[in-house]
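Alright, structures below, take your time with them.
Here chain A shows up in two complexes: once beside chain B, once beside chain C.
And then the complex of A and B:
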């Protein structure tokens, strides 16, 4: 392993190691003070940014297609192998750079923003795990490894949505987001299996698995399902406003910068396969157009700053999907980098901007500034009203999901529950489960009585 | 050989002896220190099983590996039992179960296997011991025992040996015995439509001992050690049906769990669903599927044990009427138990960085390879289970802090150490899976090879020629093909 390869390995593994060490120390009973966490985070991301420079220089100077580090197989059974390959090529390097720079920036911002917050340590723990998951997904040399990073990004995203755990709404929203993630990830798992089955490998370090015809189309559509779920594209867009329940820095890094673009990265990675399939390309474009229109209309009726920004993100990512479907790979990459940077700034600025506006309004005597004209005014009034209702209910996407997926599933579960209880008296324990609350008085003596 | 027999006798006999001593209350020490006695007996079983495992080559170590796993699990259970539950009767029952399970794993005689199968169920039939008040657990265990007993009787009636090794590839008793063995698996493992007794047993019985009973995975053991080697042709032809049934069970109970509000029942459904995945993998007849099943066996065992243990610890601290119908906010009072719960929960459903990520990966590839369409049910049911795990976690641990409860009721050092050991096992097993996967792959080769061999060739020994060498990169690579050697 030469120096450049070692730096790539360092960049990917460093946040994972920091997460592991901090988590273990906490389990052993030591909670590091804020200053220690802040310094470790700062040093780690600074070192990662510096460590990426040799990789950049190597790709620019040597003209090599990629810096690749092969560790052999993580595990192997019969003909099936899980290759452990890290790779930084011209596509993944911008994403790696974006991740370490913006994560470091968010870390620095959060030291002040979350000062004395009870969940300070938990936030930084999850930030490191998220950075590790993202870097693993972007530096993976195979779809097998990409799945690992992808899932880590998903679970950290959900745990950060539920960050303010004392309130019920963030916790319930986190559950909803988790459900959408897991449902869409089935597409990724099935696509990886299809690649193994048809091409014998899911590695793309030496080029994409060679698939053509209906096989390429099937794989691309399955990957589109996963990408659409992660990037909150139509019809899965309903979860994005719910995800705004998390702290502002996590919203910025996840839904303004990195996580929201992970789906686009996945499609960019299979772009050579995508261009072979007219059907899959058309689907990607359709999903992108639908999301862009949905995002811009729903965003106009959003009453809070973070949701407005989330819908604006959605619109731009929809446009990125269109660019990918059209085959404009590098336009999409530049668009992603620009969008992620600007949107992160907007998210981080949102709380202080609101404060500034309030001050300004007070200074000018409570007068609000005149709003400008709207394109919607060109529509007939009935259509404006319909559009307003449609946008206010966020395109009815959650309602559709509830009515046609979640409620039938719950009814089916209830039916199964009835089947299971046939011919059975309710057990003693269940008789109290619905109405009896957890006792708050009993535990006082519990320690003495037999914990 | 004699050394092996002695070690087996020690691994089985010491827990049984300790159980009798505890239940009889022979000395003051056994009455006052049941946890110490239980821990010591389980530790001796662990050590003896480890020596047994070391003595056998990879590919022939399935039963020894299972013995180590189950004795470690019992060791953990003796530490995790809350003081309220830690009576001579409970510890004695657990040790009794340990001895019976190890006997079932280790024996080569069908009659002894039957005896161990029945004896292991006894504590769960008696309501005074670990049994539930409802009739279904008793019926489930009774029917599985009866099916196995009739099958063994038919084999005995057909003449010949009662040794499992001697009966290999002879289809003793024909379709009738095959059907009875499958019925025993279905009833004991809780495969649909015989699944309901498991939730009842967990709901109404003692949580940790019942978790131990379920984690014996006698049904899967019967498939791997008896049905496949004895009936390779029939199994090859009919296992797809059983595999569909297992996949259907995984999905059915995963859907059922979505609306369940009792933490114990919900956990029982999760355990059932993931256990059905093990069976689906074993029946996939592919190396990936069988290896995934054997690795997943370990994951399910450790994770569900941790989860059931944590729920019991919460019941002891916060009252027995825990519900998933609302947010209880227990993480404020027990933060470490919350972390252990989410780690074990997500480890059960394939979190990257844990051993189950590898096992699920292999299982999905194996089942999709053998059943391309129905195999999709496996990732779907796993996704639903993940949602149920997160729902259970969020309802138990997240939400508004409970006022009026001021004592920090987090894990005690004894509980923390054993839970940390379990969590580290699933995490390090996930980071460095090859040591576990390679050994299971060698054992899976023997199971998978049994499917391939024709019946009526008792002298042919299915021996995997597969070996695993360490590659230059430090990872193991498979060399050579699996083949049958005389």
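And then the complex of A and C:
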């Protein structure tokens, strides 16, 4: 392993090691004071930013396609192998850079923002785990490894939405986000299975698995499902405004910068396969267009700062999806970097919005003029009202999901649970045992103590 | 600190302006240091200028949920001649309103001063009181998930009722006590003014606030209890005497009792140490 490879390994592993050590200390009963956490976080992310420079230099100077580090296989069963390959190429490097720079910035910001907060330690624990997860996802050399990082990003995202766990709303909303994530992750897992099945590998270090025709289309569509869930594209968009329950800096880094663009990264990764499939490309473009239009209309009626920022993010990510579908790979990368930086700043400024407006109004000596009114006037008056109601209910997306997906699923699981009871309990009753009804099997106290 | 219309200042007064500027800068640096001592993130070793920079910086910092503690910890309002409190270290816990009973034979000004000072200070104090005792219901909880809505208020996270009251970060070091008004006049004159004003009387009778009168001549204190003034009796603590306020509060972050700053004039009439500060 040469120096450049070592630095890449350091960048990816550093937050994971910090998380591991802090978590271990916590399990042993020691919660480090704020000052210690802030020092560790600052040093670690500064070192990571510096450690990316040799990787950048190596790619720029040598013209090599990627810096690759191979650790062999984690395990192998028959024909299946789980390769541990880290890789930084010209696509992952911008994402790695964005992650370390913005995570470091958010870490510094949060030291002040969460000062004296009881969950201070928990927040930083999750921030490090998140940084590790996203670096792993962006530096993975195979889809198998990418899944690991992808899941870590998902779970930290959910845990940070539920950060204020003493109130019910954050926990409920976090659970919903968790549900959407898990449902859409099926796409990613199925795509990995499909690649292994058809191409024998899901590694993309040294080129994507060679698939053509309906196979390429199937894999791309499955990955689109995963990407759309993570990036809150239509029809999954309902969860994004609900995710605004956590502390502001975590909203900034997840839904302004990194997590929201992870889906786009996934599609960029399979872009060479995507361009072969007209159907999949068309689907990516349609999802992007639908999300961009939905985001801009819903964002216009959002009265609160964080929801309107969330919808603004959606609009931009929708446009990024369109760019990817059109095959404009590098336009999409530049768009993502620019969007992530600006949106993070906007999220961080959101709590001072009243102050900002006062300053702006006193500087221009009056109120700002209303923007965007000309767009409304393009529609007839009855249409305007209808559109307003539609946008106010966020396109009824949540209601549609509730009615046509969640409720039928619940009924189905109720049906199976009934079958279960019939099959399992009858013989015992015949034996004369006391049967505890399933609904009351869990003591009430257990529910209240939970979470 | 910004001065306006400086171009209109005649050359003869430039020296005065310079002197005023220096005094004001010194005062605000000293003030900043007293404010900064309550912040955990401030290292007490800093000079007065360092404290001023710290206080100014946090008022602008995007990530700072506690730009200042505002009226937090306030427990007393003293209405009287300023000589009454001169040299007294009050730990920034007192509202001070100027009033001289000798110049107000008919108690007109007293009524006017109390009519403004009492509702305002009582309102502020009660807002802190209730936001502290039940921060979830009367306050607006922690600031960290707040979401500015329609530019009129805040929600918790993605959807909630608009939150009222003060956030936990603003009241976390508050002591929930009902504010004590110490008014420099006689109990008789104060009773007359209170009887004439229904809002004032309601606040006092229903015990939203506490009232004491300090006699401008004798310095004796009467406290309002159960529909009337009673003379305050009890041990009068001796105040600690220090050379400067910085000596008293230096390096300490907790609530501090009152102290007598020796460097200042000691001609003022004292009030018992049990009042006001704790």
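What we mean here is this: the second predicted complex is superposed on the first by the 393 of 451 C-alpha atoms of A that agree within 3 Å, B and C clash if a C-alpha of one lies under 4 Å from a C-alpha of the other, contacts with A are read in each partner's own complex, and residues count from 1 in each chain.
Note that contacts are C-beta pairs under 8 Å (C-beta built on N, C-alpha and C of every residue); 3 or more make two chains touch, one makes a residue touch a chain.
Note that the structure is a prediction, hence the values are computed from the model and not measured.
J.: Tell me which partner A:73 touches in the superposition: chain B (first), chain C (second), both or neither.
T.: first
J.: After lining up the shared chain so the two structures overlap, which partner does A:304 touch, if you call chain B first and chain C second: first, second, both or neither?
T.: A:304: touches chain C, not chain B.
J.: Looking at the overlay, what does A:413 touch: chain B (first), chain C (second), both, or neither?
T.: After superposition on chain A, A:413 lies in contact with chain B alone.
J.: Looking at A:331, would you say it contacts chain B, chain C, both, or neither? Reply first, second, both or neither.
T.: neither
J.: As a test of reading the superposition: which chain, chain B or chain C, is in touch with more residues of chain A?
T.: The partner that reaches more residues of chain A in the superposed model: B.
J.: In the overlaid three-chain picture, which partner chain does A:186 touch, first (chain B) or second (chain C), both, or neither?
T.: First partner only.
J.: Pick one for A:289: touches chain B only (first), chain C only (second), both, or neither.
T.: neither
J.: Taking the superposition as given, does A:387 touch the first partner, chain B, the second, chain C, both, or neither?
T.: neither
J.: Let me check the overlay on chain A: which residues of chain A are in contact with chain B and also with chain C?
T.: 167
J.: Going by the contact rule at the top, pick out the chain C residues touching chain A in the complex.
T.: 40-41, 61-66, 142-151, 155-160, 169, 172
J.: Would you tell me which residues of chain A are touching chain C in their complex?
T.: 109-117, 163-164, 167, 169-170, 173, 241-249, 303-307, 348-354, 357
J.: In the complex, go through chain A and note every residue touching chain B.
T.: 27, 70-78, 80, 82, 84, 133, 144, 147-149, 151-152, 155, 158, 162, 165-168, 171-172, 174-175, 178-179, 182-183, 185-186, 189-190, 193, 196-197, 409-410, 412-414, 416-417, 420, 424-425, 427-430, 432-434, 436-444, 446-447, 449-451
J.: Touching chain A in the complex: which residues of chain B?
T.: Touching chain A: residues 82-85, 132-134, 136, 196, 199-200, 203-204, 252, 255-262, 264-265, 286-288, 291-292, 313, 316-323, 325-329, 331, 336, 339, 346, 350-353, 357-358, 361-362, 364-365, 368-369, 376, 379-380, 383-384, 386-387, 390-391, 394, 397-407, 409, 412, 416, 420, 423, 433-434, 437-438, 441, 444, 471-478, 482 of chain B.
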